[in-house]
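Data first, discussion second: the structure below is written as structure tokens.
Chain lettering (A, B and C) follows the sequence in which the chains are written, and residue indices restart at 1 in each chain.
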Amino acid sequence: MNDSNNTAFALVDIRGLHKRFGATEVLKGIDLQVRRKEVICIIGKSGSGKSTLLRCINGLETFEQGSLSVDGQPLRHGDRNAMRELRQQVGMIFQSFNLFPHLGAGRNVMLAPSLVKGLPKDEARTRAQALLARVGLDGLFDRLPDQLSGGQQQRVAIARALAMDPTVLLCDEITSALDPELVGEVLQVIEMLAEEGMTLILVTHEMAFARKVSDRIVFMHQGLIHETGTPDEIFNRPQTPELRQFLSALRD
Amino acid sequence: MIEFNFAVVLAQWPMLLHGLGLTAALTAASALLGSVLGTACAWARLHGSATLKWLVGAYVELVRNTPFIIQLFFIFFGLPSLGVRLSVEVACVLSMVLNLGAYACEIIRAGLQATGRGQIEAAMSLALTPWQIFSRVVLPPALARIWPALVSQIIIVMLGSAVCGQISAEEMSQAANLISSRTFRSFESYIVVTLAYLALAVVLRQLLNWLGPRFIFVSR
Amino acid sequence: MVQFSLWDILTFLLGAMRWTVLLSLIAFVGGGLVGLGLLLLRFAQLRGVGTLVTWYVQIFQGTPLLMQLFLVYFGLALLGMDTSPLVSAAICLTLYASAYLTEIWRGCVNAVHRGQWEASASLALDYRQQMRHVILPQAARVAIAPTVGFMVQIIKGTALASVIGFVELTKAGQMISNATYQPFLAYTFVGLLYFTLCYPLSRWSQRLESRRLA
């Protein structure tokens, strides 16, 4: 469990990543290494490339230049089986939840383990029930997504991602689409996961939360990582004018 | 080994051209008249008396739920029993107009219903007459809205006109029949004519998409 | 001229109508299966397949059904197969239906939110699993109304099988018209019979569509 600290083995290793959308270059050379059990929060203005970077990690976006490996395995976009292997290691939670509307909460959680890992139905069911309980949704197994509040839906989404036993969890602005009073229940679950040692990479606007849970904060600006540091360094001693400007805009 | 002989079929190009001409003429006439009929029916369904609404509704449902070939046979073979004897071409145009009219009614009605209330109120405040409001303010944007659907329906009617050969109208499918019996090359004859229909469909779509924004949506 | 009673006429037409219904069902089921196959191929992101399917659809949607029937009829004869009008019509209408249905269903799959593809991909589901468990169930809900609506088109399409000699409702109507010298009566009856087949389906499709939008 301690090899991650002394060998500095990067669970997610990104080097020189470049990505364009058409003629626009959105990621201009990203270098980032995330260690096991680390909690990283990526902050920055809209359009800075935060979500795009996150989506590159599980292959929802391709990139033109650079390298990206997860647990030592480089990303191979063309190889569908390799991508599926990757996605069993890397889970994702979306801003708009993306729950399967035709399945109940429990069946949303059960689906991937039974199809991808071949788990027998009853085992998948028991696991799903346990996971739902873990995120505080005990007893809501049969509820359809449209019968749940936004906060509950997002927690189902977290349980669904956890059901695959990922080593890394990517969270793409998971509270941005929630009413303010529902944000807390979701962040609580994430905090719990962080305490339990899950490797987390979050794109978020929730600064207080970022400050509380992160081991490291990454500030992105115009497609590049502008500053990184501990929460204390980033929030209390911003080095670059762009970060200072970003933080002061938040305070208003 | 299957041998194809397209040369003899293509040698009959005057007949093909004649058929193409009649198909194009039938389509042009029915597109125009059918759209006008459709517009009138759409208006009637939205603003007419209860009886008128029911009558138009019955017409629309009857046409949309029976095959075109039966409509054609009814008009050409059936109406003479009532003393109405029509030439082949007139029967074809009439059938196609009535057919397009029913579908166009529903398509245009949807376009009209999407008119913002504010448009009509603004026009009324400018003291326009009801006819002016309809023809200058409501109809052009409505047509622009539903143009792709109407164009597709016109093409469907054009393709459906192939059936007119069954009452010996000298349009393209009849040309195929005649060429086929003349050259004994059925498959090649029908391939050539089918490709001609395909080409006509493509050209017609382009033409209507060019015509619409230039002449029809523009209110004069 | 033999005198036929109205009842004779009606029973003859109803007998022929069975063939209309049979041909319609064959085309619908066969076309549905082929159309579904084409749909799955189309979204599988295989090189060139999408273009081929698009061409297939364009050909059937851009040419008259009557010409398609002739081509299948004479085409099968060229290949040396003994074609009955029923077999030719069944094959042609099946292909015709498959082209339209696959296009209708393509729209329905496209109506499913992109996020569903992303979420299921993120859970490491493969294409078949995505389609079967996540995408198609959702697309199916949107698809019911237009699919039922297309059934009406198929039924009307079977009327053209009369031209290649298949004795269904339209052909029966022609036969009655010729035998009784009463085309007005014959075609009125035939029209009404088609109406009774098609109108309930049209209404059902409209109800389904408004229920979906509600």
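FYI, a residue touches a chain if its C-beta (ideal position, glycine included) is under 8 Å from a C-beta of that chain, and two chains touch if they have at least 3 such contacts.
Keep in mind the model is a prediction, meaning the values are calculated, not measured.
Trainee: Which chain lies the greatest distance away from chain A when centres are computed from Cα atoms alone?
Mentor: B
Trainee: Ranking chain pairs by contacts, what comes out on top?
Mentor: If you count contacting C-beta pairs, the leading pair is B-C.
Trainee: Of all the chains shown, whose C-alpha centre falls nearest the centre of every protein C-alpha atom combined?
Mentor: Here the chain at the core of the arrangement is C.
Trainee: Cα centroid separation between chain B and chain C, in whole Å?
Mentor: Distance between chain centres: 21 Å.
Trainee: Measuring centre to centre with CA averages, how many angstrom lie between chain A and chain C?
Mentor: About 47 Å, centre to centre.
Trainee: Using the average of all C-alpha atoms in each chain as its centre, how far is it in Å between chain A and chain B?
Mentor: Going by mean C-alpha positions, chain A sits 56 Å from chain B.
Trainee: Residue numbers of chain C touching chain B in their complex, please.
Mentor: Interface residues on chain C, with respect to chain B: 59, 62-68, 70-71, 74-75, 78-79, 152, 156-157, 159-160, 162-163, 170, 173-174, 177, 182-188, 190-191, 194-195, 198-199, 202.
Trainee: Taking the complex as given, what residues does chain C use to touch chain A?
Mentor: For chain C paired with chain A, touching residues are 113, 115-116, 118-127, 129, 133-134, 137-138, 141.
Trainee: Using the touch definition up top, name the residues of chain A that touch chain C in the complex.
Mentor: Those residues of chain A that touch chain C are 58, 60, 80, 84-88, 90-92, 94, 96, 98-102, 111-112, 115-116, 157, 160-161, 164.
Trainee: Residue numbers of chain B touching chain C in their complex, please.
Mentor: For chain B paired with chain C, touching residues are 2, 61-62, 64-71, 73-74, 77-82, 155, 159-163, 165-166, 173, 176, 186-187, 190-191, 193-194, 197-198, 201-202.
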